[in-house]
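Here chain A shows up in two complexes: once beside chain B, once beside chain C.
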Partner chain A sequence: MAEERRFRSAAGLPIALRRRQHSASCRELALRGPRLQLRSLSAATSAVWLAAYGLFAVSENSMVLSAAIFITLIGLIIYLHFVKIDQESLLVIGSLGIQVTSSYASGKESTTFIEMGRVKDVVINEAIHMQKVIYYLCILLQDPEDPQGVSEVVPLFQSSKPRLDCLIEVYRSCQEILEQRKTAPQSN
Partner chain B sequence: MVLKVFFPSCCSAADSGILIGRWISEQNSAVILAVVHFPFIPVQVKQYLGEIQRVTKVSVSVLGSWSNSKQEKEESLSEFLEDLGTIFCHEPWIQISKEGDSKFWSCSTLQKHSKNPQEEEIILVYYDQRKVMLSHLHPPLSSAAREAEDASKLWAIFDTVARSQVLFMTDRYDEGPIKLSHWQSDGVEASIIVELLKQASVPACVLLAALLALVSGICRSRVLNIWPLSFLWSKLSTCEQLGHRLQHLQVISSSKKAQSQNQLMRKANIFVSLLIDVALGILLMSWLYRKNRIGHLADTLIPVADHVAEELQDLLQWLMGAPAGLKMNRALDQVLGRFFLYHIHLWISYIHLLSPFIEMILWYVGLSACLGLTVALCILSDILALLTFHIYCFYVYGARLYCLKIYGLSSLWRLFRGKKWNVLRQRVDSCSYDLDQLFIGTLLFTILLFLLPTTALYYLVFTLLRLLVVIVQGLIHLLVDLIDSLPLYSLTLRLCRSYRLAAGVKFRVLEQQDGKPLRLLMQINPLSYGGVVQTYRLPTYSCYPRDSWASLCKKLFLGELIYPWKHKGDKQN
Partner chain C sequence: ENSPAPLPERAIYGFALFLGSWFGFILYLIWAYIPESWLFSLGLTYWPQKYWAVALPVYLLVAVGIGYILLFGINMMSTAPLNSTHTITDNFAKKQQQKKFQEEAIPALRDIPISEVNRMFFLPER
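Our next item is the complex of A and B:
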């Protein structure tokens, strides 16, 4: 069961939220950001090459041109592999844990799995980011010594930064599954 | 509660039988380790499980039944399997059945003594048994956390599979009464090379340990440790590095087996680091001795030392004149300048005295590069220190003079204002001086004040030169530390067998079908390279920086001597 809805990010870019329910206690929420545009890529490449050609015209050294090509290639690879995040997804499996995945444009996926025993709650928080106040979803981790305390805050969807309406949808889906562990009989 | 069943992916094609594994009741999860095939005698199965439990300390028991039917579901078989539940009573009795080649299995539980007889959801998690057995979770749990009731779920699963290694030692060619199916049931994996190395390593370790005992005995003997020599050894960084490597060799050649994963990785890292070091050193040596490059190096050493001395003489002549347009006190200037010039003259004569032996000394010293690249770099740093010894001496003279001057000035300044330093109370007190004390004090104060620029300039110039030499030496030591502490074995393991170093797990949702249990695939999430370096870094013998920037600047201003690199064995002053 999959459905996709369009929202906007905090900066105004269009993002798409896809919800899939795999079973009664397992849900996957994937947020897809805008893809890399050919326009911006060619604009950046032409700018670098024009600058390199200008330098070549001034200094008459052909190493400048090969250096520019090298820099463009390496920069593109670094950008695709380490910077541009295509899709961020949240997989909530009741009684197992929460898995946060970021997929980069080059296909690399970086995953973190947090066991359900360590999760205290999933909440929407406010933060001051640059000159704006934005909302973000975060997972609160339990402090092993202090049952009321929070040891760590894990922010989610940091690269897509969705707005409040999208966050409320995600929050509701997560809470439905997290509530199940409260109604189920305690294990220890 | 949701029931979680961890099923090894290697048993997906196994024939029908019963499932054995560990039931973790706190987490309502069953870790299945193997499938026992028909025919079997229940008493023998129970005996076998009791033995396994005794050896591995893992509570292995029969958890349920597994039926893999090639055709339609056989009714009689399913009743037989249910009856087995009464023989091996286990709460709850898990029944997994697979029809034909279907991916979607049906899974159900039989609860006889259940309080709430509702249908509970079942999650089927597939895991790769071999990878989970061989991997180690980071960060490793301390033993206190291990005994705690709410220990991490994942840790419990990894621990169960890792400790049941002896269960996986029987394969299907064994003639026992029990026929098992697990990841090694097609044949136990072993490597001839590894076995041979293990056999050969025992006598090699004994030999190495004996040699090392001999060498360390010689090093600690009284002859080599009388005062002038021991001071020399402590100042030469080559001896420190050799001592460090000797310690490493002692760790490798110890005959005790490594107790924990950490110790094993440490030994392996030290071994690989030593190997690479010696290989690079031999490469360097072969490059140096080909085409007699070392002879050329020795030939250029004396002209370089001469050139440095000439530059220093030019610098001193410049300082004795009017450096940068500043007007110096001529008398003091001439005294200091001539003193340092004479020093340089002595140094040059000393170097020229040594020049016929330089080539031979360098040739033999270069041979020690076969002990490792780090030793060669340390020798380079020591040669640099020896060649620039005169700069170090000049720095010490200039610093002492400047320091004396500053202390004198501060004390006489207090006298000028009518105050005195009270040593008992550690503070400045007022004091009444006699007229002649005041007169002499003010005179001396004026003299010292007007001689200050000259001394300060000499101090500044020599401190800058000394700092330059210290920076170059520091860079060399940084490189040596990098080679010493990089855990190459762990990094190679992360590159080639990334499942051995696990930071956690990741789940992938497989195809689902309504009415069947949720299917997940559990894969190992490897540790990042930064995490590997941080966890398995080898400790080094030096730590820097010794002083913070603020205290360094204060020391420079007051003229105190600075020793930038601290070694771990030094006493704090």
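Our next item is the complex of A and C:
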């Protein structure tokens, strides 16, 4: 069963959270950010081409125009492939682990899997980020030898940066699955 | 002991500093404004170039301006990144001792782990 709800990111952009329950101990949460808008794309392209035309009018060198076209194309490809993240998803499988996927606008997907033995907890943390204090969801990792200490912190949803109401929804969904770890017998 | 009250020694230090700073200021004005030929005729030939009378204050003011920007940048650089454990705990919290729980007494002050805090804030009361 899938349900989708609309929220706002930390910057005010609309994002959509989709929750799917695959089984009793497996849940997928996907956050979709806003798509690349045609108006911002045309604004950036016109700005670059106007600047190039101004340079051409001053310097009478036609290479400036072809260089501007080239730069616009290459810049757009690089932006879509390396920068613009369309969807970030979290797949929590109770006995197995947590998988974090980022899908870029060009179709590229980058995936990280963390096994359940290394996961200590999924928490909402507050930290200072660029002159603001933001809430963000993160996975606390533990060393297998030292279950009391936190060895690493993996922040999630870095590019869509949801606000606290969305984070609380995701947190509750994850905690429902993580709580089953304590009640279920350890199988090793 | 150490007290901020006025003392005779402090009055003397203050007056010596006051006289010294006035002397330094008058000396700086003499060096900057009196023409070189007059200083030479007095026998003072080995004073620094007058260029420095303008350059040093300018250096100081630019340094103060850059200091604002530098301090801002140092602050930003020493802020812990989002993926560091310093946002969650530190050495004092790791080494704290757990006091035994006593009935009817106020619990001792301690650093509560972030998982517990999250459960209290965000999970509905059972």
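Observations on the model:
What we mean here is this: the second predicted complex is superposed on the first by the 187 of 188 C-alpha atoms of A that agree within 3 Å, B and C clash if a C-alpha of one lies under 4 Å from a C-alpha of the other, contacts with A are read in each partner's own complex, and residues count from 1 in each chain.
Here is the rule we go by: a contact is a pair of C-beta atoms (placed from the backbone, for glycine too) under 8 Å apart; a residue touches a chain by one contact, two chains touch by 3 or more.
This one's a predicted model, so the numbers in the text were calculated from it and none came from an experiment.
In the superposition on chain A, contact is made by A:H129 with chain C only, not with chain B.
By the document's definition of touching, of the two partners only chain B reaches A:Q99; chain C does not.
In the superposed model, A:R35 lies in contact with neither chain B nor chain C. By the document's definition of touching, neither partner reaches A:R5: not chain B, not chain C. In the superposition on chain A, A:L91 makes contact with chain B only, while chain C stays out of contact range. Of the two partner chains, chain B is the only one touched by A:E115; chain C is not.
When the two structures are aligned on the shared chain, A:S25 is found in touch with chain B, with no touch to chain C.
After overlaying the two complexes on the shared chain, residue contacts for A:H81 are found with neither chain B nor chain C. Every residue of chain A that touches chain B in the complex is listed here, in rising order: 22-26, 28, 91, 93-96, 99, 101, 111-113, 115, 117, 184-185, 187-188. Only residues 120-121, 123-129, 136, 138, 140, 149-155, 158, 168, 171-172, 175 of chain A touch chain C when the two sit together in their complex. If you check the complex, the residues on chain B that touch chain A are 1-2, 4, 26-28, 116, 121, 123, 125, 149-150, 152-154, 504-507, 509, 512, 517-518, 520, 525. Those residues of chain C that touch chain A in the shared complex are 79-80, 82-85, 87-89, 94, 114-115, 118-119, 121-123.
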